[in-house]
Every structure is written in structure tokens, then in C-alpha cells.
Amino acid sequence: MARYFLKRLLWMIPIILAVAVIVFTLMTFCPGDPAVIILGSTALESDLQAKRVELGLTDPYFVRLARYLSDTFIRFDLGSSWVTKVPILDSIKERLPRTIVLTIITALISFGIGIPLGVTAAVHQNKWQDHVSMVLALLGVSIPNFWLALLLVLLFSVKLKWLPVSGVGGLKYYILPALAGCSGAIAAMARQSRSSMLDVIRSDYITTARAKGVPERQVIQKHALKNAMIPIITVMGNQIGRMLGGVMILETIFSIPGMGTLIITGVNNRDYPVVQTGSIFLAIVFSLVMLVVDMAFAAVDPRIKAQYANSAKRKVKTNG
Amino acid sequence: MSENTNNAFLKVEDLVVEYFTDDNVVHAVNGVSLHLDRGKTLGLVGETGAGKTTIAKSILRILPDVGARITQGNITLDNQDLLKLPEHEMREIRGNKISMIFQDPMTALNPVERVGDQIAEVIRLHNNISHEECEKRAKEMLAMVGITEDRYTEYPHQFSGGMKQRIVIAIALACNPQVLLADEPTTALDVTIQAQVLDLIRDLRNQFNTAMLLITHDMGVVAQVCDDVAVIYAGSIVEYGTKEQIFHHPTHPYTIGLFGAIPSMSEDEEWLHPIEGLPPDPSDLPQGCPFNPRCPYATEECRKAAIPVFKTADGHDCRCCHIDQVKKEG
Amino acid sequence: MADTKKKTRNGQSEFAMIWKQLKKNKLAMAGLIIFLLELVLAFLAPLYIPYGITEMDPVAQRAAPSAAHWFGTDNLGRDIFSRICYGGKYSLTMGIITILLSNGVGIVIGAVAGYFGGWVDNLIMRICDVFQSMPGMLLNIVLCAVLGSGWFNTILALAIGNVPGSVRMLRASMLKQRGAEYVEACQSINCSTPRIIFSHLLPNSFSPMLVGMSMGMSMMMTMAASLSFIGLGIQPPIPDWGAMLSDARQFIRIAPHMIIFPGIAIAISVLALNLLGDGIRDAADPKLRR
């Protein structure tokens, strides 16, 4: 297991390098001249040209790519923003925690509410609990979270004036973004939990558990839920990925200086280094999350654990 | 046989079970009565879908919550009406006084729990003993079914089908049940393993004087293990008697048909004689005798009303109105 | 028995079977009808909308809903009802076209990976790994920036971002099929690999693909709206619903109706697509078939 984990961790290195190359390449093909955007459209051609030389834009693509990769991955020099001149490492140190905290809060709320909701719905299949949860879940997955965010601002900040509209500060600044971000995830978790619980509840081993005299509550919590977790964990992983993306949008709505605002502003300003480095950091965070998800599979299911352990010799199966 | 059923250990009387789906009702079990004494084995024989498993699950009250309902009948264990017991008392009985061996060992075990813990769980539920004691007893059960103790911590996927069935049997027998419901315990296994598992079940039954309901479609298994036999067709028992009565003097055309479909070792037969046609759709049973569309003896009478039970010998019942004719020809 | 029959059915009748099941599902049919109705209304919009989409009412800027302007007007005095109806043809079509495009490409790449196997398969999957190690929204933002704004460019950006997912989906369901016994049966009668892939594996992978596609449509529509909302994707003055919300954001205090109506339009459409997607998922599930 530890070896598998290490192998996966090492595998992240080429993946992240490849992400860096792809983002760099994409940004190179972005229409729009950074020099014009930085100096304004009224700037003199000579100033623009000087700026281009300063930014290294006049070099060929491969030279720039090599320079970028060696700066970033060998000298660990992340450079500074072209527009604000702030060192990128400083921006990220300040902003990444905010994005991560917001994502974690959103994830905890989503999983904490979504999974029990789905399990309840499955246990009471076709009864009112099921219908109510599933109607709510359907609405939850259908309402885009940026629109929900606007509605929440309208209600709680503009009309009721209970919560701040935007910015950062205490925990209360996270309430509205987290609420907006979790509705879709709660719904998705509830739908997946319900359907995989329904699959599991019909299994023979659940009947075995009942035939043993296991109390119903334990049948659900101990026997059924653990078996239903594999697809639920898969969706958890997907949802965290979506949350990271959703949080980027929500940050712009609530003016939270996090990674989302950093990258989106960077894109709009053609601030290549900011976008490239920001993307790499988000990709690292996301890859780590996915690694944790894969490890969670092994923790839940001994068959997957065995598979990981034998990933070299694949053929070990259950026949005898 | 009604005279000696009153004091039977496990009694099922006039059981009716229906499954409700959106647009129709499936008549899975239609008025089944059985009785079973300690130390005896009753074989419940019939085709797939005849309602055998439903009867066993009804006795344990573990039918699926959605859609299945026991609409009529009594089930008594030692003069205690199981259908009227509150759920928490019923839970005391499940796995303790009555336990069940399931048909498919590949799916009957929880894939994410250690097999030893799965055995220990049932011991812990029904005995007020320490964790260590449970584990010790579970290891003894493993040893009893021929699995070494060191495999206690392994998971079901590390065992073969026959080994899994041994574990299922260990779970079923862990609390020395008074009644064992064995639902096709050998069907999913290789022939060589079948004999081992059957021997195991039989030995354990004799050791603990357990009453056993053996569900099967295999007449060979019945011949090896059972004392009495009930032949079930489309949710009702068509013939009921001792093993000897059923094997030597089958009376119902369906039972005769079942024997006709088995190759005989002693006689040199050219062809098997399968029963023509298919079992009826349990949501749309034929009027009268459910077997009439496939029965070579069927007359108008068989298509009109339900057929009463006829007694052909002491303890030998048959639900057919053409017994005499069948006897003459058969 | 029924099982083996099902597997040998080709894509065509699989589709017919799903459609037959789907027709019985009232909610799914409601979703389909709502969505089709919206599409028709959107394309016929020029015939019935009361105002031009760029026509400004100088006396009614940011006006609340009234008899003259059913959904009110925006900051320039344009009629929101007319703009929503007209803008439907951008917002509604993006999800579908994105999914069709990305899955079309995904099927080809997935089949190539399956056909050649070995290092080709490995390379394709590793490339997918790289793309999928970025959160989807981030990838789409970057792609949008590269391709520029506009209806088709946004679709292209979303579709490219979605290709790795659909390759993986097709490959997963093909791998699942490859283990099935009928494939062994094909090999035993000397079927060639391309024949097995194109006449057996692909058609049989059709129904999981269809389910994935139908669930993806609503997601892509939301994604497209999000991109327009943050100023990428479709930009004003085109009355895409996401772009309208983007415009309306700064007037949230004084003209809340500007954010209500475009949002409702998005939510209803996404809901309709979700109902349809759920229905297709259930219809394709053999366990739920009666």
C-alpha cells in the first residue's frame, strides 16, 4: 500500500510538468498582446516593443518554454505578475489557503448533508422522505451555483442585511459562498448515495445480515453503507473537482481574493505567469485530492486494496 | 397427517405471500402448509420460481420490505406465533433459533468485512459474551466447517465458492439453531464440493438435533438427506409425504414428471421424459389446478376450481383429482 | 437467456428499447417536451417578441416588471422578456452541441485506443490523465481565453475540455464489454479485432455512453452559463442568459429583477435536461426494465 501511494505520488511529477507545458502552450496562443494590455492601447510602438523584449515575448516558443520550465521547476523561481509586479509566490501563499478553506467548508457541508439525505431516501424508498429529498436534490442539481449565489446575496445581504456581501474577514464571509457552493454538491451526493444504497440494499449479503438478527439500523449503517461507499466516494472526488471550479466563480461574485479571482483576472489581463503558476498549484491540489480518493477506495474495500498491492501482478482473482 | 401436525416443532399453515408491483400482483405462495420436527429434515422440491425461497424467507420474516406481503397464514415455532411477534423479539429468533443458509455463497457474504467477524457478529448478537469469547467461538466454528483459524482475518474474495459456502454454513450454525432453513445450499457449487457440503450439513444436523427445511430442485439431494418431501408447484404444495412414499409411489402427475426427467441408472432408457411446457406466470395463474396446462391427465374438472387435498396413504397427501387414473397408468 | 439476447442486439434496437422505456416515464417526457418547447420558442422568437433585442426604452431603464415589459428592462432599457426569448437559441443549444461534439471525438479516440491497444492506448490515456488533473472549470477558463469569446468558440472550448472524460467513459464501457463472454465467442469464431470493436463493442457500449451524454448536457449548459457569467464565453450584447446575468450583477441592489428572470430561464432548462437525463439513465438500466 505504502509503495502504491509512493508510486502514485511520483507519477504526479510528470503529470504536473505536462500540465505546465499545456497551460504555457495554451496561453502562448491566446489572442491579445500582453504589452498592449499592460501599457494601454495608446502606448507608443517603441514602448510596446521594449515591453515585449522585457517580458521575453520576442523569443521563439521553445526558448520561452524551456526558460519557463527551468525557472519554475529547477530554480523554483515563480516570477512576478506582469501587471501588478507582485511576486506570484506571495499571492499564492496568501490566496491558496482561502480557496482551500472555502472548498473544504463546502465539501464538509455537502457530504455531511448529502450522504445522510440519500441514505434516508433509499431506506424509505417511495415514501414521503424519499420524494421530498429527491425533489430537493433535483432542484439542487438544476440551479446553477452562481445564480444561487446572486439570490443569496439578494436575500441575506441586500434585503435582510444579515451577512456581508463580499470580501474576506471572519467566518461569516464564508457562509454565503459555502451555501451557494454546496447546494449542487449536496444534491449530487444525495442522488448518488440513494442509488448506490438501493443497489446494495437488494444484495444477498444484506439479507444474510437480516437473517442473522442484526438490528435494521446496523444493517444500514454497518453493512449497507460501507458497501455503497465506492460509487459515493467516486462522486465525492468528482464533486471536489467541481467545487474547486465552482469556488473560482464564487470568489469573483463575493470578491474573495483567492485563486479563482487571481486566475480569472490573470486570464483577462493576459498575465501569463500568474495564470500558468496558479493553474499548476490548482492542479497539484486537485491531483492530491484524487490520490486521497483512490486511497479511500482501498480503505473501504479490501478487494481494491488487494488490487493495489498486486498492481504489478494483475491476475490474482477470487476463483479457486 | 393432520393428527400428528399439532405438536410439530415448526408449523406453517395456509401461508399466502404476494408481491405487489406497480401494475400487478404476483402470487408467489398460495396456501402452503408444512410441519417439521426436531432432528428431521423436510425437503421442499420444485422448479425455480415455485416460491420455495419465499417460504423460507417468510418463516424468518426477511421478505423485501417493498412490495412483499404475507396476506394469510400462521407460522409457529414451538407454539409461538412468529408472524405476531414484535420485530425486536423476531430479531432474537433470527440467526439464533432459526437460521438460514443461502443459495449463492458468492453473494451471501459481505465483501468488505472479514469472514471471522461475520461469524462473530451473529454470536455476539445472540450471546451476552465478551469480544474475545466471540472471536474464540467464531474460530471454533471455522474449524468445525474445515477452515483453519488463521483465515479468520481474510475477506470473502480470498475464498473459493465451496469455502464461502462453508462460511455461510458456519454463520448459520454458530448459535446452534433449532431450525435450519437450507435454501439450495449446494446448487451453486461444483459436484465434488456438493457432496462435501451436504455431508457437512448432515453431520452438523445430527450433532445438534436440528430440524431442517432443505430447499432444492435436485431429487438426488433429497434422496441423500431428507426424511419427508413436499413437492411444490407454482406456489402450492402438490404432493407431500415421506421420502419413501414420494420416491416409490409418486402420485401427482407433476412429481411423476419430475422423476421422468431424471436419467435412471438401473434401466436402459433411450430418452428422458421432460415435462412439456413452462411453469405458469405467477402473476397470472391458470384457474383450478395450476399444473393443468401441462398435465397429461387434465380434464374440465381441473380447470374449474381449486383442487382439494386427497390422502393416498397415512401421511401421504396429493392435490390431484385423478389419483386413481394416474396410479393405474403410472 | 434474456440476458444473452440483450447483448447481441445492435445499437439501433437498443435505442428503440430505451425510447420505448423512456416514453413511459412521465417526468422524463415532461423534461423533453419543456426543452423542445423552449427550443421552438427560442428559434421563433423574432416572430413574436414585443421589442427588438437591442431596442432601448429611454424612459424605462432598469424598470421593474410591468404590463409593457413583462420581465422588466435592463440597465439600457432593453426588454428582458424579449432578450431571454431570443437569447435561448444561444444558451439552449450550447450544452447539446458541446456534448455531441465532444462525444463524437471521444468515441473516435476511444475506439482508436481500444483498437490499437498497447502504447497507443497508454499514450492516449496518459494525455487524458494530464487534462483531467486540472479542475474542469479551470481548463475551460483557459481554453476559453485561448479560443476567444462567441457562441461557437465557447462550444469548442467546452467540447475540448470534455473530450478526455468521454474518451475515458467509452473506454471504460468497452473494457467492461471486452470481459463479456460473447466477445470470447466472437474470438472463437475468428472475428477480426476491428470487427469485434466496431460491430460488437461499440454498439454495446452505446447505452452507457448515451446515459453519460444525457447527464452531461445539463452540466455543460451550466458550465457555459458560468463562463459567460464571468465574462468569458458569450459576451454582451448577445443576450445569452449567462451574459445577461453578468450584466445584471452590478445592479443587484437596485434592479433585482434583472438577475431573477435569466436565472429562472437557466434553471428551468437545466431542470428539464436533468429530468430527461434521469429518464434515459433509468430506461437504459436493465435492472429497472420490466
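Should a chain be cited, it is by its letter among A, B and C, assigned in written order, with residues numbered from 1 in that chain.
The working rule: a residue touches a chain if its C-beta (ideal position, glycine included) is under 8 Å from a C-beta of that chain, and two chains touch if they have at least 3 such contacts.
Just so it is clear, the model here is predicted, and its values are computed rather than measured.
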A-B or A-C - the one linked by more C-beta pairs in contact: A-C
Most distant chain from chain A, judged by the mean position of its C-alpha atoms: B
Inter-centroid spacing, chain B versus chain A (mean Cα positions, whole Å): 53
Whole-Å separation of chain centres (CA-atom averages), chain A against chain C: 21
Set of chain A residues in contact with two or more other chains: none
Contact footprint of chain A on chain B as seen in their complex: 57, 60, 62, 64, 66, 87, 91-96, 99-100, 102, 104, 107-113, 121-122, 125-126, 155, 157-163, 168, 171
For the chain A and chain C complex, residues of the former touching the latter: 12, 15-16, 18-19, 22-23, 26-27, 29-31, 138-139, 141-144, 146-147, 150-151, 153-154, 158, 241-242, 244-246, 248-249, 252-253, 263-264, 267-268, 275, 279, 282-283, 286-287, 290
Complex interface listing, chain A residues touching chain B: 125-126, 202-205, 207-216, 223, 226-227, 300-303, 306, 318-320
Chain C to chain A touching residues, read off their complex: 129-131, 133-138, 140-143, 145-146, 148, 218, 222, 225-226, 229-232, 245, 249, 252-253, 256, 259-260, 263, 266-267, 270-271, 274-275, 278
